[in-house]
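Each of the next two complexes has chain A plus one more chain, namely chain B in the first and chain C in the second.
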Partner chain A sequence: MLSVPVFWRMNKEKYKMIGKKCLDCGLVIFPNRKNCPSCDSQKLEEFGLSGKGKIYSDTIIRVAPDGFEAPYITALIKLEEGPMIVGEITGVDIEDVEKNPQGLVDKEVSITFRKIMLNENGLRVYGLKFLLE
Partner chain B sequence: MTRVGIVAVGQSKFGELWEHSLRDLAVDAGNAVFKDLDTQTKGNITKKNIEGLFVGNMGAGSMAKQSHLGSLVSDYVGITGVPAVRCEGACSSGALAFRHAFHTIKSGEMDVAMVLGIEKMTDIDSNHVLNALMEAGDFEWESLAGLTFTGLYALMARRHMKEFGTTRNQLSLISVNNHKNGVKNPYAQFRGEITIEDVEKSTLIADPLRTLDCSPITDGAASVIIASEEFIKKNKLDNVAWILSSSAATDRIGFFNRRSIVELDATKLAVKRVIEKDRVNMKNIGVTEVHDCFSINELVALEDLGFCEKGKGGKFIEQGEIKLDGQIPTNTTGGLKSIGHPVGATGVRQLIDITKQIRGDSLNQLKNVNQGLALNIGGIGTTSVIHVLGKD
Partner chain C sequence: MDKTGIVGWGSYVPRFRIKIEEIARIWGRDALPILEGLGVDEKAIAGSDEDTITMSVEAGRTAILRAGINPVKISALFIGSESHPYAVNPSSTVVSEALGFSSAFGNTFKEKTIFMGDLEFACKAGSAGMQICHAFVKSNEIEYGMAIGADTAQGKPGDALEYTAGSGAAAFILGKDPVAELEGTYSFGTDTSDFWRNEGKKYPNHGARFTGEPAYFKHVTNATKGLMEKLSLGIDDFDKVVFHTPNAKFPLRAAKILGFDASKLKEGLVVPKIGNTYSGASLIGLASVLDSAKPGERILVTSYGSGSGSDSFSFMITNKILQAQKLGKKTIDYINNKKYVDYGTYVKLRGKLLRE
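Here is the complex of A and B:
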């Protein structure tokens, strides 16, 4: 069972979309790291992301792990600042999406904050999801 | 440095084996490999010759509430006292354990080592199995976003379809071929042929992947015994599958952090080392075992290994090149799809089936096979491990 600090320490990233920018090579880093994955620099500063991006690939999860309720749409989203991230697409009708073999690829999205899952101890975990523009 | 060869192989039944515990599976694979050792060496070599044990296992801690498998397995298979360790690299744990055993013998530290890959997956509910398998992905940014392993491969499939025009039909042919090859396999979880229609009517798990695109949840164990060239020559062992190359590579843990999601850099890096470092001529490979945890992964693996061009995997499969009489017979005994996928055991099971093709006692024996290649993948190309075995 996961304790509260696991979720608490990700607050800045998961609630405010605050990532990092490398002062040496300029790479925008999200989710956060302590070292730049491109040039290995440790000189990074906080950098707020817009939460806007484009769907790179998506799927409808129909068999969910513990804590989640299927069906839901999960996508790889290419954020406008560069990084890619995994997120659920909310506010769309799954019956419409499943008819299209291309899914939602190339659709523009922006971020929203919702309940993600119910933890084993009843803790409601919030985090980022995406809405179609 | 010494060469190393596989001198004996053996496995348990693969399937949903409710009557078998984790340790029962280890014993079944152990007894099978010791029986083969007895046959291959005419009783001259026994378990007493084994100097070390390498266990491949991904998730016994989460799925069977048991860690410390080095000790547990050495105890139950009857070689207590030898140094033993568990190696973990998700679904590539089996091949990684084999690779560490190989290195230990190459170093001169041991002459004979045992490798045993194992996974007990049906002691917990299947939705908890999904959680346990996702431990192979990025917990904070994939698991907590509700992604599953089928979901990850579905993202790969959808993108491959978009970029290269790969079709539903081409993916279905992969599962059809694997089931066909597994019909005669006494260890396989599923031994029935399936049709393209069966695949395309099966339940969607993560669009576009359906039940029959996915390898099942499986209990099983597989084991091999390997030895140094000096030991093999001194004891006049023949019928050995020599290890011509062992290569492994990693990629970034998050699938969202990859250079590409339609080709796996870890596989490409590993195969580059096979060719450049170990001087394997890929044209000599007559049989392959590739990691078909999901149909799309077999297709991408064939491309990444260079058996066909990037993006042409679908066509290659359509032309029948992976069939027993094709250009590169693939998963000749059923693959993960038909045999089952007890994750820590799979990498070792693949090496057993390549060994049998080299020795000449495969259930679907091919003619004139001198070299075979096994690709075991952990996660989604997060770790790729390649071994090439040969007659000499």
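Here is the complex of A and C:
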């Protein structure tokens, strides 16, 4: 479980989808890293992502870790700018997703601001989830 | 003097709905007189991952999009709500951070001044935030300020309020070169306790029938009359009218008392489909009117907050609104995107909130 200060330091990524862009090779990096995973350059500048992407794969989580409420849908999302990230899908009915053997694959998504979890101290952790377009 | 007023607006309504009939069924009540008495068919309920903070962020994002400004230019944020998620720990700091007011993009730790506050004055705290932001803008203290009214209202199970207490938010950016010029504002308040909630209590108490004449009608009509007198305007000068909506009947009766034609309330009267969104109510009504307002139209808005007070505003729509109306989700889009839930699911959604 991440501590309160760790969450606070990650506010920029959690709230706004601000990553980095490599000034040497142009790769968009999210979440943040110190070096470019493609060319190892350290010349990176802040870059705001659009928050739009496409679902690559998804799964229904039925046994949730502490602070989360099951069932919910977690997906691998290919962002418009390139990076692949893990995100929660909200605003869909689990029953509808279960019925479709394809799940939510290839569906277009965009970010929405939601409550992510309740930590052990009763602090609400907010951040970005994804909604179907 | 430059014109000042609303430069961007946005609303948010969660997608869950419960029908009034379903609530009446659970309590063994005949639905028809309730439906007729309130004029409300269904109400919006926040999902388990939504609250005043998340709805404020969503409404605020649309307002920024329509204003077409960089959010770091916004230097004030006032959120009016009866359901700030924390008793101690502000909503405004989270919303400001999420909307990108605090640090300039590209300058991670560059601090700037942001005037912030979580406001409470029953259902009129959001409109009070608009008055504060407008005063900051007019005095050139800030370039832009955002006011939000948001609530995830709850009534005690089985209480009359349970039929209407809904969820939603609306956000407005105040600044120069507006889409809706704020021509003037007037407030009226007296010590009239018609509705209250004690510290640590989950649900409010109310004076039942007392909430009508000495409270809602007295304050809404006096504030509206005061505004018209202040600005030398009459009822015929207004094209659209928005009054606070504890239900669909009260605003129509207030209109009748003042002499406004009921048709002028139509665009702003969203309460039959989303319920009473408390601090969000008159502001979502205004957002709904702005979604389709035409340049040259004059709009009257009068909020009401128990305890009691009303803030009245006159807005003149400018040509700038046409461009902004093409952007972002409209209030009607949110109203139409809905999933009905039964009372059991409603309790589960609310129960999750209770556990916190």
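Note that the second predicted complex is superposed on the first by the 130 of 133 C-alpha atoms of A that agree within 3 Å, B and C clash if a C-alpha of one lies under 4 Å from a C-alpha of the other, contacts with A are read in each partner's own complex, and residues count from 1 in each chain.
Everything below uses one rule, namely that a residue touches a chain if its C-beta (ideal position, glycine included) is under 8 Å from a C-beta of that chain, and two chains touch if they have at least 3 such contacts.
Nothing here was measured: the structure is a model prediction, and the numbers come from that model.
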Room on chain A for both chain B and chain C (clash or fit): fit
First (chain B), second (chain C), both or neither touched by A:F113: second
Partner chain in contact with A:D66 - chain B first, chain C second, else both or neither: first
Chain B versus chain C as contact partner of A:Y56, first or second or both or neither: first
Chain B versus chain C as contact partner of A:T74, first or second or both or neither: first
Residue contacts on chain A - larger count, chain B or chain C: B
Which superposed partner A:G26 touches (first chain B, second chain C, both, neither): neither
Least Cα gap, in Å, left between chain B and chain C after the two complexes are fitted on chain A: 13
Common interface positions of chain A, toward chain B and toward chain C: 116
Chain B residues touching chain A - in the complex, by the definition given at the top: 125, 127-128, 130-131, 134, 140-148, 150-151, 154-156, 158-159, 161-162, 203-209, 252, 254-257, 261
Chain C contact footprint on chain A (complex, rising order): 11-12, 15-16, 18, 45-46, 48, 69, 90-91, 93, 112-116, 118, 122, 124, 126, 129
Residues of chain C that touch chain A when the two form their complex: 15, 47-51, 53-54, 57-58, 61, 85-86, 94, 97-98, 100, 103, 105-106, 108, 339, 352, 356
Contact footprint of chain B on chain A as seen in their complex: 10, 31, 37, 56-68, 72, 74-76, 83-88, 98, 101-103, 105, 116-117, 125, 127
